[in-house]
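Presented below are the structures under discussion, each in the form of structure tokens.
Next come two complexes built around chain A: one with chain B, the other with chain C.
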Partner chain A sequence: MTNQQTTRVQITSGMFIAMIVNLIFVKAIGVTQGVIARAVGQDMWLATLLGTLQGVAVMYITYVAIRKTPNLDFMALSERLLGKWIAKVIALIIFLFFLAGFGPIMITFVYHLQEYFLPEAPLYLFIVAPLLVGLLGCFYGLEVMARLALVGLLFIFLLNVLIIMGSTNEFDIRNLLPVMENGFPRTFAASLNFDADWALATMLAAVVLPSVKNADKTGGKNGMIGIAASGLLTMIWPILEGAVLSAEVTSQYTVSCMKLARNAHMGHFLQRYEMIMIALYSIPVLFEVMFCIYATSISAAKIAGLKSNKAMIPIVSVILGCFGYWIVDDHFRAIDYLENYWPRIALPIAFGLPVLLLMLRLMLGKKLNKA
Partner chain B sequence: MSTAQEKLQEQLAASFTPQLADNAAVLDQILGKSADMQQRELKLCGSSEYPGVCCFVDGLADTSIIEAILKALIVFGSDLHRDPAAMPTAEEICTTLMVNASAKPCRQVRDGIAGIVSGDTLVLIQGLDEAILVSSKGWKDRSIEEPSSENNVRGPRDGFTESIRTNTAHVRRRIKDPLLRFDATVVGTRTQTDINIAYIQDLVKEGLVEEVKRRLKRIKIDAILESGYIEELIEDAPLSPFNTVQSTERPDKVASALLEGRVAIFIDNTPVVLIVPTFFWQFIQAPDDYYNRYWVGSFFRCVRYLALIISLVLPSIYVMLVSFHHEMIPTSLALTIASGREVVPFPVLLEAIMLEIAFELMREAGLRMPKPIGQAVSIVGSLIIGQAAVAAGLVSPFMVIVVAITEISSFAIPSYSSSLALRIFRFPLLIASGTFGLLGFATVFFALMLHALSIRSFGESYMAPASPFRPSDQRDMLLRMPIWMMNDRPEFAQDTKRMGEQQMPTQQTRKGG
Partner chain C sequence: MKRAAGLVITLIILLSQTSCFGLRQINELAIVTAVGLGLGDKPGTIKVSAQIIRPADARGQTGAPSGGTGQPIYSISAEGTSIFDAIRNLGRVSSRRVYWAHNFLIVMDEDYARKGIKDMVDFFTRNHELRMNTRVAVTPDLPDQVVSTITGLEVVPGEAVDRLFQNNHVVGRAPASDMMNLEEAFLSSSTEPVLARVQLKPRGISNKKPEEHGSLKQVELGGAAAFLGDKMVGWLSVKEARGLLFFLEKLGSGIEVVKCPNNDGVMSIEFKRARLKVTPSYANKEPKFGVRLTTEADIVESGCAIHLDEGIRQDAEEKLEQRLKSNIDSVIDKAQHRYHSDFLKLGDVFRNKYPEEWRVLKRDWNRTFSDAKIDVEVEATIKSGVLKSVGTEIR
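Right after this comes the complex of A and B.
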């Protein structure tokens, strides 16, 4: 059993939903939309919608895999089903998943802050600072992280309100036409980029669902609400990016949301307020960093056979920091990793692991009941 | 433990004996020949076979009560022709001779000594193996005044004093509920400070009273001179600058807290009462919010929230914008700031720190000096030095405005102790913003937020009801909803229903109008 179960941390449904939204939103509104725009142009929002529906389905599968044993996460479940060593393999997969996921998160964080606000600051600052906050949050535990996510959700709402207020003047719906220009297959293929975003959320559910209150009864519903809410909150951005900037412009930027934010203005006096938006954006992005540290420390503790993840937090932070630095240090490497490698790592795990565990549960369910 | 202490403990553990001389000798040994210790000799019922002695502390005991004791023991006994031999026990004397409201037999020397040093009078009589302890506390108290640190425009003006019993009476006068309880305990091996734990039995959060008692019981300290000692010894986050125990000098605040199911801790010799559990947002709330109409209360509460944000982040944001992100400042404003800073030789961070420190110096000097001089220092500091510094080109006028607004905002926060914590937080935020721009600001701000989110106060999350979000408690958080809408107590109270249904006043329609 992992640490958060032994200490009986309980997070509410609202916190669980907030964690999902925080984890998906950050990368999905800008970096992902840039990638999707390069693939399907103004149909970014449709690809996001399709991705959301797939995410809802996979979240439900994740819930079904856990439902009958709501006190077991994926690692504990696999241990019960197949023994200690298989559980370690599952833990290793989860560890690698979040390690790989840390790359896009750092790309999002660093390229937002360094390129748009502090171009002369050294890169290591942008790696160390979020890791320090993440480390602190991890030491405080899952409950505190979940509470921060709740604040982050509020900030996301405010951020969306600000971007809508600042962008409506230049909103031109003709920029979103024609719809489905590239056909369904290409739009669906592009939606896989958004799938790589919600993959983090379904894996979050695989790790923290046992800590959610009444996970067996409402966990699935809340998880799906979380994905759907994330999809809706995210979809505002591709619609605005397409209608205000145009798909052509959006596709030219790595961080297209910043272009939209920089473009937003209210009246003649407040011509630029992207810094306010970035301040609001900081909580979700720091939450992402925090959760990556948490999930990797939990899985590393499982691999090492430790009861508490606390000892692993500094170690995994260093590993994540080194990997993050290596990824963002080179723009070409970062974009290549983001567009080609990360979806190939995320999707098989996000789709495969819940399905695998569900099948194992169906086949070896009796063993679980006996235990 | 030293030899003297061991000997003292041995003497205190002993019982009184029938020999008056022995008992008097023990008292002499323990209390010594202190100038304020008084021993008044007497003869019970005027009989020389039954001499006695009254022991009390001059200044603590009320002399009129002591005179009443002496009159009862000497004069009434003689007048009534009572035979001392017919009153063989202290109990008998208490019930047949004494007219004092509170008088009880006392067997242990420890209890007798504790009574004397608390202002009671100990009566020792030859032939009795018990003493009589008569309540005679009667020292001079400060009169009831309006709390200087918690002013209000509308509402009661009385504040707590240094007398614990006066303070508990203030609350009892407001809550005439028989279930209001005051549990007594003593903390401090030398000061023997009286502490009362107040709560309403059927409202208080389950297990809270026991938890408060447990934390008080584990305190091993020689002296409690003020409630701050207790606060630091029982709080949940001892390393945090946030105060997780609310302190107040206002009886109405304590009464309100008790009615919400919380616990108040009264400490003798201080006008400050502690309230637990406490939440961060309570430091923004003022009693006026509830005494004025809800529109006014809500508006001024919003103003205070604004003051909270300004006092915490305004200098940091200004420094961050001017140092790193000047492109974010509207052009006309940026030009005004730039023209003001043209002659200033210091970086904006240094300028801000200098002004902040100067202001803290003025505040501290104004606080410590005698009041008339303190005001003079404030005027000299704020007007003359501020003006001179701008004229000399040491600071920019804009920075003076920023720091002044920040300081005014910090004074708008009703809880003084809480505004002090915010002041402390302002400096790391300022330095981080001035050093690393938005990155530094975000890092320190969210580290602070994480810390605040991690704190608990007696089992309750410090940032509740915002996080964790409690929908029913939102009626008294950001806004102050009308009283008739606040029909529930906080979720942790045993009985959450505080009023009947449909309490909103409705206009009566006149018949036959």
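Right after this comes the complex of A and C.
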């Protein structure tokens, strides 16, 4: 999609916030909390809180980098500042970021469905089906995806209300004590795992902020609200997982939110929330897949010098599908990638790219004004 | 062209969403409602017994519907070198695929529990089919007998035992152990697991032969099995289990029977709103715990045959305090001096208040716990005689 086309599509602030929440929430409540629980035990909610604060700061930097030219995304901005070839490099970085980010998204999606519901179904089904849905949504464009994210946000609220209601009986606050048992440095280090989740959201902002109405005035505020809302909606889960399951139990599972859902019950008749959870989870996780296709397709179009991203949608879908399949095919590889490789890819880009572009803007701002 | 492509994609999406993979028809399933685990006849093997619903007989009321056998359950057992292996071997006997999602109860025999339950905890938490509020208990009887005994008012015996656990807060003589709290205690570094005890007792009276009192065995829930790590170390009596519940669960109420001050009669006192508070302290590198139980109580039955005046009240309060203290002291004594296992969650309380000291003490916590000084204090206040008047005598 070109810049001209981008500016024609307008999404509201609410949609923008919803997109951020959808992109962060799905992995953060379960897969990430399992990783954090293995690092800092019952302090996982604190690590999530620290991660949220860092996310708010980086989102603000992303906004500041774009603020004065609200019609330009990171790729267009770098083209204006440093020329066509550097813009292609930035586009390649964004492409690789979302390609790498597709791994954890598929880990979340596949391990929820396959492990808990359809262990006998072939793996390709869990790759092809969401990609087809994502491809279709992406084909209809950003506005359709943004509207879908609004529905996803409603589902997330419902899911949180249900899990709170289903878990209060077993809530034992003693399981969350002592606070900061592992000390601040270790808790902060664990928060980097949540940083890898909001990294997707700040990069989303780097790509779609020009399409948000009044991005120059309210983009920063909305972005920060989005991250903060995601943090708060997510934080309910580590609190419940710690208090209901205990940190030791949470740390044992790849998808710890499903473990919480499996334990949840309302009275004696409404038991096992797994299916409810998946139903309410479907839109946000499909939005994640959709957005990965969208972001990789526009960055691939930029690299290839195409005016529209539509031709790239099927191509990037195949690339994402192959990569996703390779990652989730082997659990050992998946967990290794999730815990060791993905944060090392996500964090330098999510922290570094906004800071780099902000510095370039400060140094080469005059050039931009002349253009 | 675009429409054709759209149609093809839509069709592929629809085909991929039909959910036919992993399909299981309900009439092809053997729905397990209780499972027994014991040691197999051959050394190194495990015996799994399953109570399976017989759908034709389990629907509606008890008794045999037309075409049924009158037996709502079908029980089978198999052996294997692991639980999974034994379960797969059940498939050799069962005409339907064994399905675990509606299991109510896992009951282990004492020998199996003493050997270690690590594999059992792992299997039943690793398997996605099982629900986590499945009750878990240990029995001194044979588990295959327990799971094949028709017990309780429910059509399905597994459900009847589940109901015993659900109503456990009324009786308060065994912990309401399930997979959730077993897994939590099993993985915790600051507490040890404790499971309910179930056993067969001749409590049922046959309607056809009422003169043979107690001719039918029924499952009784009472007492507990204490563990150290994954191995059972011994039993707790119903009295000790009552004391245990104050530590593990919110045992809000219960009945205690005390002797009358003036005759050989007894008085039943229902304690209510019981609250247990554990206060840890640490001095001279030794942990110490203050345990304080406060409760209100009502006199719900009096065989004392005298007016319930202030003197009787004070006497009853003292006796109730002694009884409750005795319950708590007995379970503490067993935990500290007999089993050397902190299943009372005192380690949890200590860890929460003294995290730095815990880092050192946790390495050998059960020994430290065994030597710790624990002071128990009980305060009971009798507030009413329920419907009958107290205080002023009829003149």
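For the reader, a short list of remarks on this structure follows.
Basically, the second predicted complex is superposed on the first by the 365 of 371 C-alpha atoms of A that agree within 3 Å, B and C clash if a C-alpha of one lies under 4 Å from a C-alpha of the other, contacts with A are read in each partner's own complex, and residues count from 1 in each chain.
As a working rule, a contact is a pair of C-beta atoms (placed from the backbone, for glycine too) under 8 Å apart; a residue touches a chain by one contact, two chains touch by 3 or more.
Since this is a predicted model, take the numbers as computed values, not measurements.
In the superposed model, A:Leu118 makes contact with both chain B and chain C. Applying the stated contact rule after C-alpha superposition, one finds that A:Gly166 touches neither chain B nor chain C. Of the two partner chains, chain B and chain C are each touched by A:Ala129. In the superposition on chain A, A:Arg147 contacts chain B only, with no contact to chain C.
Contact with chain C, but none with chain B, is seen for A:Arg174 once the two complexes are overlaid on the shared chain. In the superposed pair of complexes, A:Ile283 makes contact with chain B only, with no contact to chain C.
Looking at the shared chain after the overlay, A:Gln252 reaches chain C, while chain B stays out of its contact range. When the two structures are aligned on the shared chain, A:Asn263 is found in touch with chain C, with no touch to chain B. By the document's definition of touching, of the two partners only chain B reaches A:Met15; chain C does not. Shared interface residues of chain A (contacting chain B in one complex, chain C in the other): 117-118, 121, 125, 129, 132-133, 136, 271-272.
Residues 12, 14-15, 113, 117-118, 121, 125-126, 129-130, 132-133, 136-137, 140-141, 144, 147-148, 150-151, 269-275, 278-279, 282-283, 286 of chain A are the ones touching chain B in the complex.
Residues 321, 324-325, 327-328, 330-332, 436-443, 446-447, 449-451, 453-454, 461, 463, 466-469 of chain B are the ones touching chain A in the complex. In the complex of the two chains, the chain A residues touching chain C come out as 115-122, 125, 128-129, 132-133, 135-136, 170, 174-175, 177-178, 181, 245-246, 248-249, 252, 262-263, 265, 268, 271-272. The part of chain C that touches chain A in the complex is made up of residues 9, 12-13, 16-17, 19, 21-22, 125, 128, 131-133, 166, 180, 183-184, 187-189, 348-349, 351-353, 355.
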